[in-house]
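Per-chain residue numbering starts at 1, and chain names A, B and C are given in the order in which the chains are listed.
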Amino acid sequence: MTNSATNLRLKLPMACIILEVIIIILFGILVQYDDETDAKLWHKEIANGSSNYDNDFYYRYPSFQDVHVMIFIGFGFLMTFLQRYGFSSVGFNFLIAAFALQWATLMQGFVHGMHGGKIHVGIESMINADFCTGSVLISFGAVLGKTSPVQLLVMSVIEVTLFAVNEFIVLSVLGAKDAGGSMTIHTFGAYFGLMVARVLYRPNLDKSKHKNCSVYHSDLFAMIGTIYLWMFWPSFNSAVTAHGDDQHRTAMNTYYSLAACTLATYGLSAVVAHDGKLDMVHIQNAALAGGVAVGTAGEMMLTPFGSMIVGFLAGTVSVLGFKFLSPILEEKLKIQDTCGVHNLHGMPGVLGAIVGAVTAALATKDVYGDGLVCLFLTSLEMEASFQGVRQAISLVVTLGIALLGGLITGFILKLPIYGAPPDTICFEDGIYWEVSLATTPSHFVWMNEHTGLTDLYIVFV
Amino acid sequence: MTNSATNLRLKLPMACIILEVIIIILFGILVQYDDETDAKLWHKEIANGSSNYDNDFYYRYPSFQDVHVMIFIGFGFLMTFLQRYGFSSVGFNFLIAAFALQWATLMQGFVHGMHGGKIHVGIESMINADFCTGSVLISFGAVLGKTSPVQLLVMSVIEVTLFAVNEFIVLSVLGAKDAGGSMTIHTFGAYFGLMVARVLYRPNLDKSKHKNCSVYHSDLFAMIGTIYLWMFWPSFNSAVTAHGDDQHRTAMNTYYSLAACTLATYGLSAVVAHDGKLDMVHIQNAALAGGVAVGTAGEMMLTPFGSMIVGFLAGTVSVLGFKFLSPILEEKLKIQDTCGVHNLHGMPGVLGAIVGAVTAALATKDVYGDGLVCLFLTSLEMEASFQGVRQAISLVVTLGIALLGGLITGFILKLPIYGAPPDTICFEDGIYWEVSLATTPSHFVWMNEHTGLTDLYIVFV
Amino acid sequence: MTNSATNLRLKLPMACIILEVIIIILFGILVQYDDETDAKLWHKEIANGSSNYDNDFYYRYPSFQDVHVMIFIGFGFLMTFLQRYGFSSVGFNFLIAAFALQWATLMQGFVHGMHGGKIHVGIESMINADFCTGSVLISFGAVLGKTSPVQLLVMSVIEVTLFAVNEFIVLSVLGAKDAGGSMTIHTFGAYFGLMVARVLYRPNLDKSKHKNCSVYHSDLFAMIGTIYLWMFWPSFNSAVTAHGDDQHRTAMNTYYSLAACTLATYGLSAVVAHDGKLDMVHIQNAALAGGVAVGTAGEMMLTPFGSMIVGFLAGTVSVLGFKFLSPILEEKLKIQDTCGVHNLHGMPGVLGAIVGAVTAALATKDVYGDGLVCLFLTSLEMEASFQGVRQAISLVVTLGIALLGGLITGFILKLPIYGAPPDTICFEDGIYWEVSLATTPSHFVWMNEHTGLTDLYIVFV
């Protein structure tokens, strides 16, 4: 498995260290503590009558930590389902997330408005940086096993930048609401990644087909990722919503949506899977679609009833996508979507955007009371239906930027300079990680030549 | 392993989808946001001078998330100790928990009081629903490996309903205190599950005996469950106690009880286990008994000293139960308690109820100050000893409802219509999950016939 | 693997139960609820106008739980990288942490000041006890695989006591700042443990060399530990800093330091590891050095820029230490540092102490405003440079007490009465745990004698 083309002794250090040095320099020039993290400014606020409890840290830090767990444990372990790709799944997830959250702080800071030439940072910028990182990790799922860490870093540089631009257009220019990121995070990340996967299409990927599947323990590791994502999704969707009822309601709507989605997933999985048995791929992924699909409307007065319907639909769409759509995507559209992100983030993200547009269009002062202005930041006389239109346009813009950005990024990543794996050893940790032979999982040794046994092989898991 | 009797292609989807549709309809009719999650109502409170910080979300959401982790990761992974039952342990735990929390919201809402014909939901109802779910998962532990997911869903429907009734009697009618649920959650869940297991007794279960044990990595996965339960138990016991000193004290008492319990568990395990070695079963389970046993008294002025004594006793009782009582339960009483829930939840739950009754009976105005009224919600002139009596009666009521409910449920689950596994393939994921043969753990291939080797077999883990 | 010398049937129960009984008695005599956990006292404060939200529980409990996860999951699973030592890594970590947090409550209470002859406990004492426990677990990492649980308990008794003394000298006598414990926790724990390892040097440890390495799944379990430590380190460093901007800033500085450290780690690992591939040992450990190295300065106005530089340096130093220094420590200094704690906690801890001294020396009223007094608790006229000197002296004192304490402890642990493993079966769970043979991981069976195959062995993982 040693190959000069995939040797990263120079490429990976150069990428990591150059990028980190650039980031550090930019942070030195541009980044400042905000009012709530700066000792002098905060003590001024205290002197003016604020209490330490008004510091946003106490409103948002627990949610931030839950989001952080989703990014590093949730996404990282969800992708360990591949039998020989656990080190890379967790390890590259770790690398590109650590990079992307720094780069996102800068890009989101540039785009969303500087303060006297400076980017201000605090708990909210940390959450937003983690959100942007989530989008990159969704795209990572589409190209999992077929890319080198250098390619992933390059993809992150571009995707984070475009994410910030799209987020700015959607939230600030168009004035859409998207607290949990059905559009800005999930739809964007999924279609960006799918387009990259399309451009990087490998006609001979079946040479690595025997590694592109799970073994028993790898599926259990993946369930760690699934369950953490599922549990903390209420925190994800509510992390940056307004204080008070907004955070509270968003968390609760998400909780109900996910619960309903899980029942739909188990039911549908037994229907479509082979022989009436449950399929781990569905459970690991589709059960999460309910969190994606209330990412926009979750902060609105969707009601638990509405949330459950959305979750139920999302789970259904997602399982059916895995069963019927993924093979078509691969065969007809030549999109090799390793983790099925189209089913978990793509379709449920679009569903979430539509639900958000409809729910916003139906908002009335009668239902929201004074919360209407607070939530939609609109003047009272504005028509709710207009907010619905903004939401719908935002979906279109997001899809456009994601697909175009993914296309360009795909061609950049196709350059043969990043140490990408050959078709024969995709989905294999050994290409980028030191893995002692004795410890390689699922090592097949064909014995019948030596022993005369027929068709017996020893599986080392 | 394919068998029409255990094929769930119709049964599981019907169960999941019918149940979910019923839930959604009932939510549509009956469930409303409460004052703190409704945009209009909360903004009225804000207009009346409330601060966003008064929203209960900020007092309870971090505890809720810890409880959530215990339910989905803690219980789920604790049960992965079985060598071939990891998918089902985590997966069925996931399914029935997602169902039970929705059903519990309705049942607890019905029983504990409607508001103008509506059930109000917010962070406290979410925690209480998770608590009720915990009780179902305890019962799941008793029947683990021997039941189909359809049986588990049916069990959940009944158990959640009876849980809500019992909880109402204990907390509202009898006025007992049981914040961490020594009685309502642990005693109830354990004895309900044990009675179900008794009715479902399988005389020929030894045909699956070789699968009813752990392998190396399955024990490590189980430790993930154990440690999460252990760490977050302080949040569990304190999640719905009163704001301020109550939450603070409950968390701390639980912390000390668990620490003392752990030392007792290690000490006793080395005494009773074979050859002076530690037994993973004890560590995984008995070390948690300290959390169960302060579930009632933890919010009282039990003192760290008292908490440690309770924890020490609980750990001792639990290890001795695994060693000496479990074999008797199985042989004499015909209760096949897969996870030993009698040792972790049953006896420690009863111990906790007794400790709670005694501690309540000893409460004085001198020790509690103004906190006495706040905690026990009693008029000052009432005798503390009377509170002790209420607590004791509550234990008896809980045991009665649990045993009777389990009995009836057991007979319902005995109907041969749920796709239960035959005696020969219990404790086996392959019966309900797609598991590729190559990846089945611990697959024994007897080689000596072919190779002439004596007593050599290849273990696929 | 059964051996009377390592049989713990008497030794471990005696150690556990005697220690726990002593602790319980001391708690009974000495420990009281503090103002915020005592029902009477807190309700007095409420009557005097306090709000329940002023209870420190709400400021610190979420951070406490994150720290708790680092102690029990983080440290526990980080050490599961050894192929046959997972039960002991998680299990002994669990045992000594549960002991140490109780003992630490007493020792820190004694040393830091009693209240009318009583030790007061609440959320802050819980966090401090967990911190002290962390220091013991660092030392555990140095001697991992070569010590019996009885030795570890004895080590904990002494180390916790000396930790409390050193912490008192550094924080109270010298007035140094060290919120995240670069000195008091990491430097102390590392050099204490290294000195113990030096005294317990085993010249024939290479007899167990084949077990002193990882297998595929053990490395994945270890990544659970790594990622949890990484994610929650911001909570660790900020858990006991002052309310408001201090907690907020400390968490954020740590977040940036770790992100930069991760990039440095991946870059350097690919440079120094064999064949340009990444080395799991580096990723699992060095990526965390950034958290250690901002443990002192993190609460100061280090700026994100400064934090990233520190993190970058820490990651670099740590990877280089694993590659170049660890072999020298083992061969020349005869220090067998199983987990490489010198690289993760030792050098980065010293770096953190130096960074803290310099940052403190540079503090000005202009930058900190009123926060200066608040942070450094010094009168305004005092020179900042004087604070720098205090910090530097604290490092020297810490190193002195750690090395001397470790030396004495090492000789005590060398007594042949604790059931330590022989050189031939170090790094092996089977010596202290019931492990069924069929489930032992990585069991090598040499087949060629029987089958005539050349160099084929079957690996049971």
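Here, a contact is a pair of C-beta atoms (placed from the backbone, for glycine too) under 8 Å apart; a residue touches a chain by one contact, two chains touch by 3 or more.
Model, not experiment: these values are computed from the prediction.
Asks: Given that chain B is a copy of chain C, what angle of rotation, in degrees and a multiple of 5, matches their CA positions?
Replies: Chain B sits rotated relative to chain C by 120 degrees.
Asks: If I list every residue number at the interface of chain A and chain B, are over half of them used by both copies, so same, or under half, so different?
Replies: different
Asks: CA centre of chain A versus CA centre of chain B: separation in Å?
Replies: Chain A and chain B have C-alpha centres separated by 32 Å.
Asks: At which residue positions does chain B touch at least two other chains?
Replies: In chain B, the residues touching two or more other chains are 53, 58, 62, 217, 224, 451, 458, 461.
Asks: Hey, which residues of chain B end up touching chain A in the complex?
Replies: Touch list, chain B to chain A: 2, 7-10, 12-17, 19-20, 23-24, 27-28, 31-33, 36-44, 46-47, 52-53, 55-58, 61-62, 65, 68-69, 72-73, 76-77, 80, 86-87, 90-91, 94-95, 98-99, 101-102, 121-123, 126, 149, 217, 221, 224, 432-436, 438-441, 443, 445, 450-451, 458, 460-461.
Asks: Once bound in the complex, which stretches of chain B touch chain C?
Replies: For chain B paired with chain C, touching residues are 53, 58-59, 62, 66, 83, 213-217, 219-220, 223-224, 227-228, 230-232, 234-235, 243-249, 251-252, 255-256, 258-260, 262-264, 266-268, 270-271, 273-280, 283, 287, 301, 303-305, 308-309, 312, 367-372, 374-375, 442, 451, 453, 456, 458-459, 461.
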